[in-house]
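Structure first, then comments.
Going in written order, the chains are labelled A, B and C, and every chain counts its residues from 1.
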Amino acid sequence: MTRARPRGRRVGLPVPVLVLACVAIVFFALPLVGLLWRTPWADAWTYLADDDVLTALRLSLVCSLWATALSLVFGVPLAWLLARVEFAGRGIVRALCTLSMVLPPVVGGVALFAALGRRGLVGEYLDRWFGITLPFTTAGVVVAQTFVAMPFLVITVESALRQLDTRFDDASRTLGATRWYTFRRVTLPAIRPALVAGAVLSWARALGEFGATITFAGNFPGTTQTMPLAVYLSLETNTDEAIVLALVLITISFAVLIGLRDHWFGRPDRLQGTATA
Amino acid sequence: MRRARRLTIALIAVLGVASAACGGGDTESAGTVTVFAAASLTDAFTEIGDAFTVEHPDTTVVFNFSGSSALVTQIVEGAPADVFASADPSNMTKLTDADANATEPVVFTTNLAAIVVAPGNPTGITGVADLATDDLIVVQCAPEVPCGRYAAQVFENAGVSVSPKSLEENVKAVVTKVTLGEADAGIVYVTDVIAAGADAEAVEIPAAVNVVAEYPIAVTAGAPNPDAAGAFVDFVLSDRGQTILTSYGFVEP
Amino acid sequence: MTLTADIALTLGTLDLRVDIEVAPGELLALLGPNGAGKSTVLRCLAGLAPLREGSVVIDGEVVDDPAADVFVEPEHRQVGVVFQNYLLFDHMSVLENVAFGLRARRTPRADARRIAYDWLDRVGLAEYAGQRPRVLSGGQAQRAALARALATNPRLLLLDEPLAALDAGTRGAVRRDLRQHLATFDGMRVLVTHDPVDAYALADRVAILDAGRLVQVGTFAEVTAHPRSRYVADLVGVNLVSGVVADGALMTPGGATVVIADALPGPAFAVIRPTSITIDRHSPVGSSVRNTWPGVVADVDRLGDRVRVGIDGALPLTAEITVAALESLALRPGDNVVAAVKATDIECYPA
């Protein structure tokens, strides 16, 4: 029930909250505006038309999409396990699987070496038995990006699964659906907004990934040099080029974030509070 | 271009490169000298700083070690540095081009390139020519950074064509790839191999094909403490300073 | 077509031991206070909560028997459930909700949609087929949930508080509606409710569940005529006294004696109607009243021109007197009084 309010007045916003929120907006907007202001627009096209830049851009997109796909394939079941199954040490497993969020990415890269490198725990056997080596390969880039990006998906999806009433699963089972059918047709569609949000978050994280990638996969144009690496290295010699490249990365991320938000996040939460309750 | 450089400071800070800005707050006070030095000088300059303080008990030395190009950008953008020690002349040129130097740059030491391999040299590398095989995983610095240009120069001098697996962003990353066993060999500075201790071994590059990396030093134009800065530069050039540098693998010019 | 369930299960603080049987075509209501374990019984029948001991047998098929290591998953039990709040899937249309069970059982899409549409038509929701469930009113959502459960052709239909989610204004109409639709399903039905009106209006038999135990089973009239639990006694509005009869009197565990007429010896219940109780300041002298119990007035509740007086003592009672009587006695909480009842006004039956 809305109460009568004087016309023309906005919904009562607490002023301190509004002020702090505006500070936050400026905090995020200002660096971007600064970047735009510094951009050497006249030369921008010359830098962009560079083959190496296009190669890095393509590699960035391909690798980040692969990392997102892997995060979905493995992260959603992991989130489900963490949200729905009670087992000893669940807290430890959760901490373990989200550790790479707080780990300095370069350390993450070193840790990946220890596991999957040529002398790594598993990597040694991958190399010896299957001839698979991940460091310095495009697959290595995907592994590094997935390592740091997947936790964002896991956390988002787990939280959505926790909020979802498990009785919807029960209802599905009594209607004759197996656990797997229920998972696909009831659980996943119900958390679709969280799935999309989680996927976008992890994609954005993968796209911007720098530390773990350059450490674990190295930097070589065409195979492992993604946009953030190209930006970083061009900072050494040509700041103008670095800014233009950074801007490309920002533009793509910005477009995707805006596009998806409009499509997916504006909706009321589904499934909860169906009927009257 | 200047604007862009100013912006670079922010970008570099975001990328997590160590910054001495936190320690530079009290450089106004007499007795503190802030030295911006190339990362490869970290160990040698730390010892030089200690020795300098013994001779000048009233002076405190504060270091900011980072990539030379990042340092020169910070100085040009107004970071409170007294002394700039660069790993290559080109970054020092950036400083002089911006009229940000108070004294004429002096080459205070030099460094030589070397091949870094795992301890015991398991792949049996004897020289640059051995790096030209595809069976080896060779890494070097990216052409954007000085050690990458030196590596390219060495390969050109030796007339070999090497296909590196990775172009690392700095020389320490090259050493790390080899000490972790992920790469078989890399082109780095002699001093880096010495700093790695028992984890790595150097294969010398003959003088005929090697390059000499010159390290210039200068007092900055905006030095908050020019007297102490001059004293520090003198100390680096003194016999005491040169002895310390030599003990870390640097070569007197 | 019978259901036999012998359920033993511990869930948190609830210790459930329930034995129920449902005859073909019968609707059994499980009635009891919140937390009695009613919904848990339904979950056991549906296969959503495995038994610790006992068995569930539907149409001669054992679907749960821990001793024999038998457990049939919910999706293979052919048990339809209408859940509390209905739990319609809001990411699909109403039609897809009703078709869900058929699709899950691999009915071809076109057939499933046709059957689902027929069911929607039957419950009067055909016009909402393409809509999302969130547009449905409470009563409509209930019908959709019923159609969804029945579309899978279950052997047993379970309804968990189907009217609790509705506001009081619409509950009556929806209940009449539900009775109609339930009548068209000739399988066994078990309804869980905390509202005696639901049990009275919808059920053939009522099973009273209190604190995990079945305390009474029978038709609604049988159950309310002879309360055997505090819950039913409160429901009917009478005082229930339990004890052991010997020598024409019932002795309560609290030490009170209730003189009764024509009682058989042994454990028994006695029902004392509040209107049969008289209240005096002092014991009546030379009266025909056989029972007088001293006590203290605990509370006084006015209900129109009647007053309910709670009396604490060896035999706690609720008496009902008129406002005039209250005023002439000038009763206040804390006053000492004597409650009196004629032996012939007390109904007594074996426990």
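Please note the rule applied: a residue touches a chain if its C-beta (ideal position, glycine included) is under 8 Å from a C-beta of that chain, and two chains touch if they have at least 3 such contacts.
Computed from a predicted structure; not experimentally measured.
Enquirer: What chains touch chain A and also chain B?
Expert: For chain A paired with chain B, there are no chains in contact with each.
Enquirer: Please indicate which chain is farthest from chain B, where distance is taken between mean Cα coordinates of the chains.
Expert: Result for max centroid distance from chain B is chain C.
Enquirer: Select the chain whose centre, defined as the mean of its C-alpha atoms, is least distant from the mean of all protein C-alpha atoms.
Expert: A
Enquirer: How many angstrom between the C-alpha centroids of chain B and chain A?
Expert: Chain A and chain B have C-alpha centres separated by 36 Å.
Enquirer: Could you work out how far the Cα centre of chain A sits from that of chain C, in whole Å?
Expert: Whole-Å distance between the two chain centres: 52.
Enquirer: Can you check how far apart chain B and chain C are, centre to centre, with Cα atoms defining each centre and the answer in Å?
Expert: 84
Enquirer: On chain B, where are the residues touching two or more other chains?
Expert: If we look for residues of chain B contacting two or more partner chains, we find none.
Enquirer: In their shared complex, at which residues does chain A touch chain B?
Expert: Counting only chain A, the residues touching chain B are 31, 34-35, 38, 40, 104, 110, 113, 117-119, 135-136, 210-211, 214-215, 217-221, 224-225, 229, 232-237, 239-240, 242-243, 246.
Enquirer: Going by the contact rule at the top, pick out the chain B residues touching chain A in the complex.
Expert: Within the complex, chain B touches chain A at residues 1, 3-5, 7-8, 10-12, 15-16, 67, 69-70, 73, 137, 139, 142, 144-145, 164-169, 173, 176-177, 180-182.
Enquirer: For chain C, which residues count as touching chain A in their complex?
Expert: That would be residues 43, 46-48, 73-81, 83, 85-92, 100-101, 104-105, 133-134, 136-138, 141-142, 148-149, 152, 165-167 of chain C.
Enquirer: If we count contacts the way the header does, which residues on chain A are in touch with chain C in the complex?
Expert: Contacts found on chain A: 165, 167-168, 170-178, 181, 185-186, 189-190, 192, 270-271, 274-277.
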